[in-house]
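After this come two complexes, each holding subunit A, first together with subunit B and then together with subunit C.
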Partner chain A sequence: MLEIKGLTAEIDGKEILKGIDLTIPQGEVHAVMGPNGAGKSTLSYVLSGREGYEVTGGTATFNGVDILAMEPEERAAAGIFLAFQYPVELPGVGNANFLRTALNSLRRARGEAELDAVQFLKQARAAVKKLAMSEDMLKRNVNVGFSGGEKKRNEILQMTMLAPKLALLDETDSGLDIDALRIVAEGVNASRGPDFSALVITHYQRLLDYIVPDHVHVLADGRIIRSGGPELAKELEAQGYAGIIGEAAEAA
Partner chain B sequence: MQAVTQQVAGEALKGFLARYDGLRARLPGNADVRDAAAAVLRERGFPTPKDEPWHFTNLRPITGLDFQEPIGDTQAGADLLSLLPKVEGPRLIFIDGRYRADLSVLPEGLEVRSFAGTGLFGALTKPERDRVVALNTMLTEDGIIIDVPAGFDAGFLMLAQLTSGKHRRVASHPRHRISLGADARLVLLEVSAGIGEYLNNPVIEIAIAEGAHLTHGRLQQDAKDAFHLGTIYADTAANAVYDCFSLALGAKLGRTEIHARLGGEQAAVHLNAAQIMGGNQVSDFTTAISHDAPNCPSRQTVKSVLTGKARAVFQGRIEVARIAQKTDGYQMNQALLLSPDAEINSKPELEIYADDVKCSHGATVGALDPEQLFYLRSRGIPADQARMILVRAFLTDAFEAVAHEGLRDVFEHAVEEWWATTGKDAEAPSA
Partner chain C sequence: MPAVAETLETVRSVTGSTYKWGFETDLEMDLAPKGLNEDTIRLISDRKGEPEWLLAWRLKAFAMWQKMEEPHWAKPGYPVIDYQDIHYYAAPKKKGSGPKSLDEVDPELLRTYEKLGIPLKEQAILAGVEPGDEERLPMAVDAVFDSVSVATTFRSTLAKAGVIFCSISDAVREYPELVRQYLGSVVPAGDNFFAALNSAVFTDGSFVFIPKGVKCPMELSTYFRINAKNTGQFERTLIIAEDGASVSYLEGCTAPMRDENQLHAAVVELVAMDDAKIKYSTVQNWYPGDSEGRGGIYNFVTKRGACRGARSRISWTQVETGSAITWKYPSCILIGDGSVGEFYSVAVTNNHQMADTGTKMIHIGRNTNSTIIAKTISAGHSDSTYRGLVRMMPKAQNARNFTQCDSLLIGDQCGAHTVPYIESRNPSAKIEHEATTSKIAEDQLFYCRSRGLSQEDAVGLIVNGFCKDVLKELPMEFAVEAQKLLAISLEGSVG
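Then we have the complex of A and B:
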């Protein structure tokens, strides 16, 4: 279970998260929507430990453990995975090697045996096939020269291989064509289960037709201003954010 | 003038000259050649930063010391051999500048002579200009002389220069000559390593005849208290290839200087290098490529990875003679600074007298990208391993230039070892 309480964070002295309260019980998928610049990516970075984001207050625990004090790799070992809004290119680093190093680092941290090249390739090939990616992707350098959609698929490939307990998916749907959207959603749905929860950041209701969330939250100006069921996404799609932001301001 | 002479004639020079006076009658080869070299040193001393080619690299840490004659520590053999990369095949082993037949494995089908036995100085060196080479010329005792016959593929050969400064501070001056007949081939791995404090001062002369191909890998892993001053002169005829990759990891102060000449049409010279340094190490890669014939390519990718207070120098001079039309020269200098105190000095120098040539050069200096680092770590890869992955990625295109797989493995392994023992701890995360 992910529990975030009163979380505030700043970048370069500028407050971006202004008190986030959010709980994602084990096994649930929550969607976070909100206008550009609201702080959605910031939240995902703070949870995964990116440098430069200073937590100024509040707490975040995962299964009872304070994650804010952990190094990024420790959070990964604890089962947290971030699918980046803008996946990073790594020239000179082969995708298969990268994936295998990551997987074996996690296995080592968890006290499991490392996979040898043959075992790994078998798994990786199967995962690549499921995501309708070409095997060529494994041979290429990480994200270098990948199209926008290919990068997003590569994030999901990593997710399926690394089998996290909590996936933070930051606009994984943007840039995907309709077929890819379905395939990626199926990839996420296949991971769903009692041991998997997810925070799905998106701008589009369409993704949530495929990955039906247990709850939807609206994040605006560094705060969650409204939460509801899947129908909230439909309401936003129809009415935009202005109405909801206005209501929240009145209520405050 | 007197004052200047006083200043340059430090302990080292006095000792070297005295040693020469003592040994002169017993050293192999033409004494006139040695006397001329000694005269150069006596008159001008070692180079100082006032000499332009030495502007960035001060020999002071060497010239102030006094070096002694190696006593031929036969016991040190096994210790020293353990420093060599683990590769199979023929090997020519030098310890303290002297050939050790008992430790060597001769290559098949190739005649190997020694400098000690023949005293053959070559014609390519310029001791009157290059005083580090004058030192070698004056004091060298031994080296290998290899002539690969025309059309013969000699395969792989390791040439190891091991020095033991365990008991006393010594200097060794191996002197090698390698020539390839027309269409001959050789893959040479030259290794420098040792123990303790010493000066390793090798000189290699290389002549590559028409259509021949020399792959020359250089692994400088001299001890952390040692000094390395190596000089190579390579001459290529038409359609010949001199393909050199030099990896410097060791020595407190080291310089590799290569003079390569493209002497016939369609000859090719590759002088690629990586310098990976930490602590207070200084590493200098200085090259001079002379295009003396039309239609020749030359290629250089030089990468420096620096931590701590390390400093690297790359000086790359390309001279294109009037006759050398359609020259295609490429030079790239890239540095990765892993600490704020590390420093790179670079000086490209193009001197072009032909009018139809293509010469490009570029330089980049950067640090590890925090975004890439975070991406790797967010996947569970520990910080030091993530940094290593990015360092390796930075070196990729330099290593890719090493076409010979066996050599590439040696270099990659050496870098991994460096990272595990030195690099990893040299710089804590910059957070």
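Then we have the complex of A and C:
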């Protein structure tokens, strides 16, 4: 279970998160929607430990453990995975090598035996097949020369292989055509289960047609201004952010 | 702590203590008195039982050296070297005399090489070959300890294939005509200050001769070890591949950690005749000095290959991680029509290390082709320069060169420089040059760490990716070693 209480954070002295309260119980998928500049990506970076995002107050725990004090790799070992909005290119680093290094780092950190090349390839091939990707993907250099859609699918491949307990999906739908969107959504849905929870960050309702969330939260100006069921996403789509934000302001 | 600052911290923490090869072997040594004069040269020549012509050659080189000035055009500056304060000959005392066989090698020396991971006992090496693996022959090793070769393995196995692999000292005694024909034919004694010094006082190195049409049946390698204090090591290596012959040769080198600088001034000459191929790989890991820049080896080396025959090919691959100062330009003289020269290099500098390295490709014959791929990684307060020359001579019709120089900077206290010289005297020649400079980006590190990689593993992975084009040129087992070495050179705690 992810529990965020009164979380505030800033970048270069500018406050972006102004007191986030959010709980994602084990096994649930929550969506966070909001306009540009609301702090959606900042939330995902703060939770995964990116440099330059300074927490100024509040707490965030995962299964009772304070994650804010952890290094990024320790958070990964605790089961947290961030699917990047802009996946990063690693020239000269083979995708399979990268995945195996990552997987074995996590296994080592958890006191599990490392996978040898044969065991790893078997798993990787199965994952590639399940996600309807080409095996070629494993041979190429990490994200180098990948199309936007391929980069996002590669994130989902990594998520499938690393089998996190909590996935943070940062605008995974941006730049995807409808077919790629479906493949990505199927990848996420295939991971769903009692031991998997996810925070799906998105700008549009479209993705939520494929990944149906248990709860939807609206983030605006660093605060969650409304929470509700999947129908909230539809309401947003109909009214636009301006309508919802206006309502929230009136209610306050 | 911000990720980049943390990388710097990790890199800074690299001190001599992570140099795993820095131990010293305690042996009774036969040392020449300090100082450089004709008597020193006579002593070396005498110890090695050399013929008169070679002593004369050495003395002539010494006469030239005395008139030469130490060059200071390379970027690295260094304190004045007192050439009279060095021992020019240091050899472990032999128990009795007679031919060297492995059984007679001092067990202390065998233990040293074991510790370095260099097996010298043929029986043990062969015992390690898995059943069904007979096709993959082990590597033959010439072990050079200070001024002498202490053992050369698999000599008799190689002799059956017609291959001569021995120390240059043995070659002088056993194959004097071959040595006389080729020694100094690629790098003349008066070529440059350090080549002249080497020609005067060279002590040991390897000799390889691959006769016509023979493909050398195993990888050959030489392992250079500097052990004795206040000594210089003057390696001399000569490799000849006759028509249609081919060989892959590797060299490795390490030294104990000491506060004083020590000089390694080598000369390596390669000769390739018609259709011959020589692949020369180096993993240079001399002691680099400590984090404050104290100690370390001055690696001032002249390496040159002559592609004399048509369609011959010489390929230099080097991974340079050690030495306080590296000054070396493995070069190819492409004489034969259609001959090919290649230079693949990774140079890593950290702390206060300095490297000025590159290559010269001299195109003389028609349709000659050269490729240069140089990767430079600088960290700490180090400074690295790629210096290269591509020269197309008037008769080099349709000659081609492709050069790519990439620099990767870690932190903001280091430097990287690219100094390419290009001269074309033939209008049909094509020359391409590409260069990039980059830093390890914060987003790359974060991406790796968010997948569970430690900071150090992430740097190692990114650096190895950066060097991939060069590392893939190394023989398989060497490539794995080199990858580990890169990680250790940059991080200190991985490996």
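Quick notes on this one:
Note that in this section the second predicted complex is superposed on the first by the 252 of 252 C-alpha atoms of A that agree within 3 Å, B and C clash if a C-alpha of one lies under 4 Å from a C-alpha of the other, contacts with A are read in each partner's own complex, and residues count from 1 in each chain.
Convention: contacts are C-beta pairs under 8 Å (C-beta built on N, C-alpha and C of every residue); 3 or more make two chains touch, one makes a residue touch a chain.
Predicted model, so just to flag it, every value in this text is computed and none were measured.
Aligning the two structures on subunit A places subunit B and subunit C in clashing positions.
Of the two partner chains, neither subunit B nor subunit C is touched by A:Tyr241.
With the contact threshold set out at the top, residues 48-52, 71-73, 75-77, 81-82, 84, 87-88, 90-93, 98, 101-103, 105-106, 109, 158, 162 of subunit A are in contact with subunit B in one structure and with subunit C in the other.
Interface of subunit B with subunit A (complex): residues 370-372, 374-383, 385-386, 389-390, 392-397, 431. Against subunit C, in their complex, subunit A makes its touches with residues 48-52, 71-73, 75-77, 81-82, 84, 87-93, 97-98, 101-103, 105-106, 109, 141, 158, 162. Residues 48-52, 71-73, 75-77, 81-82, 84, 87-88, 90-93, 98, 101-103, 105-106, 109, 158, 162 of subunit A are the ones touching subunit B in the complex.
Subunit C makes touch with subunit A in their complex at residues 2-4, 441-444, 446-455, 457, 461-462, 464-469.
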